[in-house]
Amino acid sequence: MKTFFRRIGRAVGDFFYDISCTLSRLKPPSKRPVSGMKTKKRKDMIFYVCMLALPLLQFGLMWVGVNFNSILLSFKEYVDADRNFVWTLKNFADVFQNLFGEDTVLLVSLKNSVLLYLLTTFVTMPTSLIISFYFYKKFAFSRALKIILFIPSIISSVVTVTCFYFIADRGYPQIMEMLTGVATEGLLVNSETRTPTLILYNIFYSMAGNFLFYSSAMSGIDNSVSEAAQIDGANLVQEFFRITLPNIYPMLSTFLVAGLAGALIGDYGMYAFSKAGGSAIDTMGYYFTRGITLDTTGQTYPHFAALGLVLSAMTCVLVFSARAILNRLDPFRDQHKEVKA
Amino acid sequence: MSKPKKHLQKVKTPIGAWVIFLFLAVYAIALMIPYLFALVTSFRSINDFREQVFGWSTPTLDNYQTLFDTSGSGFKYTVITSDGAEAYYDFIGLMVNSFLFAIGCAAANTICPCIVGYCTARFPYKFSNFLISLVYVLMALPIVGSTVSEIQMTQTLGIYDTIPGMWFLKFSFLGMYTLIYNASFKSIPNDYVEAAYMDGAGNMSIFVRIMLPLVSNTMLIAFILSFVSFWSDYSTPLYFLRSYPTLALALLNYTETVGTYATDQMAACILLCIPSLVLFACFTEKFTGNLQMGGIKG
Amino acid sequence: MKKLLAFALVAAMLTAMMLTGCGPKLAQSVDANKTQLYIGTYGGGVGTEWLEKAIADFEAKYADTSFEEGKKGVQIMIRTNKTDMEGETLKDVIGLADTKEEIYFTEGVFYQTYVSRGLTLDLTDYINADLTEFGESESIADKMSDELKAAMTVNGKIYALPFWQGCYGMVYNATLFDENGWYFDKNGNFTDAAGNLGTGPDGQSGTADDGQPRTYDEFFKLLAEIRKDGCVPLSFAGASQDYLTWLLAEMAVDYMGVDAFKTNYSLDGTVELIKAGTADFTGDTVTYQTENVAITPKNGYELARQPGLAHAIKFAERLMQNTTNYNANSCLSGSYKISDAQLEFVGNTASTKLDPIAIMIDGSWWENEASAAFQNTYQGSKYDSEMEYKWMSFPKATEDKVGQKSTLVASVLDSYSFIKANISESKKDLAVKFLQFVHTDAQMAQFTETTGLAKPYDYAVDQTKLTSFTQSMMSCFNAADLVTPMGNSDLYRAYCADYRLAYWMRTAYDPSKGAIDNLASILTTKSGGDYVFTAADCYNGMLTYRRDTRWDAYESLIK
């Protein structure tokens, strides 16, 4: 398969090279390019500009333009279906009132997003690290387990949620009745087990996805360090806590900080759950998706733009604080400072 | 010529690790249960399923046939054309949309970081340093909730609700891959390039015929991972591609449509998973291996 | 060479796929030789089969008639969409220039809003014209009752026609009832169909509801008996728990009667209300003291204290907080759709492993909607069913109400047929012709035979072509006072969406949750194994909601 794609790539490259050679041969000798430093520099610059033109255009429009528009949008209020608007601070007022009011949908969504982030990160992280260590050490059946644990990451969350819904609501009662003889309500039917089930679903499936990042980090540790530790009589537990974790700390903290960026806006599969059967915890991501998809005319976009800005500001504070704290906690802080210097 | 067998160094698993293995084995089985359930259920009749949710019965292809029967509760997605007529995408149409969307977006998501990574690595202008710093900064700077603005921007540019528009949307160099490509291209010795110049090759030829093959592995991994991600993505089509729905979006719609039974939904789930699983089977090592970052394993 | 071949093969495969699958397939392709007429319809339980038959008949009748120069015949294009065609969504787009549909058969339409916005064509002349073109000497107006005409008339004109007549209710498996003897005799004991049947809720012997539970108490006694005999007493779809809410609202209407019902819309009249602070929900039945209150727009929120609503909420509590009455995994699971509930209701009787279901909460249209369930179970249609289904008359809340004539909401989902006001002049005649055509006796009879639903007009139907369910439902409607959920005050016109029948049950039972009308969900919320909310909480929350939320919004219109 690798060879097949290499051949295709080479065929494409040969094709374009042949065309460029043919075209250059068509030029009169006086116009054929002559090597020289000035010409080379000019050609380099032309190539550089042409290659970066489209990426920079995309960046200018879809990052700079989008974020600039987002700021402007958050100060607008549409007065009719033709998107005539007035400037206003009402959107921010609404957002702050709802975020800091009593038990509003926004506040509940925010709380749930933070709760789910904390649980899926700090409950799953120790487990994921241990799993990754197992794979890093290539213990029994590592390869097979790695493959199986990776599968949920490549399958759409719609599929996983739909299957889970049927198992929780139809399969689980049947099994419990078989085992206990007592009629049992489905996990998402019973109002007491609904929220814990949704939380457990997220914890269960996020454990499987994270091991790849940690494994990659662990594979970067110099083998000689591990060997030296083993020679000194360190057991696996000691190696894990004293060698592996400190060495992957930079990657770990980067991963934590990157995850924090999505903490407040995470959907956690709730939109898919709501479509599959209606049971869903209000999360910020679900609030956004639900609101934006229901609004066919765009009248509520300013509200979401303002909310997005407020959440971005909050996330920035969280991210930078977290980076500062994690940098302080770095066990190899001095060594990393030397490397940077 | 057959590949030489790798010499597998046997690692002794200590007793404590077997405990972890037991946990992992149980966890792995639990992870697979929903997908095995979907596979088995997709071949059962709804009446058998209602009598026994977990079980096995005489297999039937009725559920798959139902998906392709657009007159009944088949797997289809209704859209309104530009002149107001009602139309629908059947399974094949949805699959075509999904391929166009996933392949195009994955290609865009692979090529753009590659181009920027190459230019910033091989052309030591000040702007190159600025670009790489920009990537670092923007990766750390969390901007959330800009979807509505993105929707408006795509509408203004006239690329809203078009598949090529989505390719443009994903043609972004902001992300980890730009840094990986940058490091990879920096680690390639200049000798190749100088030799090529001496032979009269231009910048484009050097890029296409020398540099790209050297990072082909990284490109392949990036493309495959992106493809799988876009194949499974329903949120981008949900916001931006209402007239060109993908399989994932159609499945989301299908699960809440009245008249679709559990067995039909499971059959639809299996069909959606097939391309991702085929790719995974062909490129398992690429999926589960590590990305090389020019000597720095990441 | 090999490379080129491999490359060509992949490209050819992708191209072939794209050529065969590229682009959406039109539901119907336009015939350029015919004049097109565009119809928008909600679909739903009514479906489109009736419309397809009507269209086939109409197109055949006018196959050789030219409606446009250079064209002969008519081609009618249907667009069916629950979201786009739902009344509240449609009202914002129907008047737009690029809206293709010209005639609508849909629901969720607040007639007064449409009229006040000038969205629908004035049909007065067309309704009063005799249908001679279709071989009838009557007009559509001649087939409408005076009450219906009065309800539809705004400033002397009629702008839409009621589409179908039906409501939510309880469908029961009459065959199971016959086999198990689940009928009440005159002493309130169980007997079989041949026994000395009780009068039923109407208090009269020899009528269709004989043997059915007369009161709520008898109804719950029936549910217990059904469970004892190994069947599931009652079912509804967990994904559509609002069906229970609709049922409760209709039972409340049945309690209050015509005059009190009308006062809910006119906000002008005297109504018997529960005295504040006297309602006691602790027993099996609500007890309270009453007072007569003069209702005006200013104190209209007091209608939340209507006894009918209190009784309905208590009914819901007794039903939902006793899990032997229903199968929780069906009725409370969001993955259980209407189609699943119907398949269970129809199909469980054919299964040796699953308990049969005796009663299902559904709408008058259920048999039409359950065609897949009949197909799965009997490999045929509703006519091939081995079971007989019938409509259960609403039991009365208390013994003293037995004998009171039933009050039924004629069109619970506000369904209408109309032509958009800005239809092009060239199409107007054709659209009117089609609307008149579907209101001929023959077409209305075909509608009823196909959908199982009646239309609120006077027309003959061949009873032999109707299922036992449709016959029993029609006889219930014929025996009841029918009311139309519509008002004509400024307040109603401004806020008619609030008057949707199910919203009568809206309750702010828990301040942190806001107002919801899903009583099934509220009453089954548990904490520590115990139910958290009671009927009293829901009842008190209704007043809170109406007074503190809705009436605040109405302030500017209350004079």
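Here the chain labels run A, B and C in written order, and each chain numbers its own residues starting at 1.
Here, a contact is a pair of C-beta atoms (placed from the backbone, for glycine too) under 8 Å apart; a residue touches a chain by one contact, two chains touch by 3 or more.
Computed from a predicted model, the values in this text were never measured in an experiment.
Engineer: Among the chain pairs here, which one is joined by the most contacts?
Structural biologist: Counting C-beta pairs in contact for each chain pair, the top pair is A-B.
Engineer: Which chain has its C-alpha centroid at the greatest distance from the C-alpha centroid of chain B?
Structural biologist: C
Engineer: Taking each chain's centre as the mean of its CA atoms, how far is chain A from chain B in angstrom?
Structural biologist: Here the centre of chain B sits 13 Å away from the centre of chain A.
Engineer: Just give me the whole-number Å value for how far the CA centre of chain B lies from that of chain C.
Structural biologist: Inter-chain centre distance comes to 44 Å.
Engineer: Show the residues in chain A shared as contacts by 2 or more other chains, in ascending order.
Structural biologist: Touching at least two other chains: 10, 166, 170, 276.
Engineer: Two-or-more-chain contact residues of chain C, please, as numbers and ranges.
Structural biologist: 239, 335
Engineer: Can you list the residues of chain B that touch 2 or more other chains?
Structural biologist: 52, 256, 262, in rising order.
Engineer: Can you list the chain A residues touching chain B in their complex?
Structural biologist: Per the stated touch rule, the residues are 1-2, 5-6, 9-10, 12-13, 16-17, 20, 35, 40, 43-44, 47-48, 51-52, 54-55, 58-59, 61-63, 65-67, 69-70, 73, 130-131, 134, 137-141, 145-152, 154-160, 162-164, 166-167, 170-171, 174-175, 204-205, 207-208, 212, 215-217, 219-220, 236-237, 251, 257-258, 260-262, 264-265, 271-272, 275-276, 288-289, 292-293, 298, 301, 304-305, 307-309, 311-312, 315-316, 319, 323.
Engineer: What residues on chain B touch chain A, complex-wise?
Structural biologist: Chain B residues touching chain A: 11, 13-14, 16-18, 20-21, 24-25, 27-28, 30-35, 37-38, 41, 52-54, 112, 115-116, 118-119, 123, 125, 131, 138-153, 157, 168-169, 171-174, 197, 200, 202-205, 207-209, 212-213, 216, 220, 228, 231-235, 238-239, 248, 251-253, 255-256, 262, 265-266, 269, 272-273, 276-277, 279-280, 282-284, 287-288, 290-291, 296-298.
Engineer: Report the residues of chain C in contact with chain B in the complex, numbered from low to high.
Structural biologist: It comes out as residues 14, 17-18, 20-28, 30, 77-81, 84, 98-100, 239, 335, 337-340, 343-344, 347, 351, 353-354, 372, 376-377.
Engineer: Please give the residue numbers of chain C that touch chain A in the complex, ascending.
Structural biologist: Chain C residues touching chain A: 2-4, 6-7, 10, 92, 238-239, 323, 328-329, 332-336, 511-512, 514, 521, 524-529.
Engineer: Could you list, by residue number, the parts of chain B that touch chain C in their complex?
Structural biologist: Where chain B meets chain C, its residues are 46-47, 50-52, 70, 72-73, 78-81, 83-90, 92-93, 95-96, 99-100, 243, 256, 258-262.
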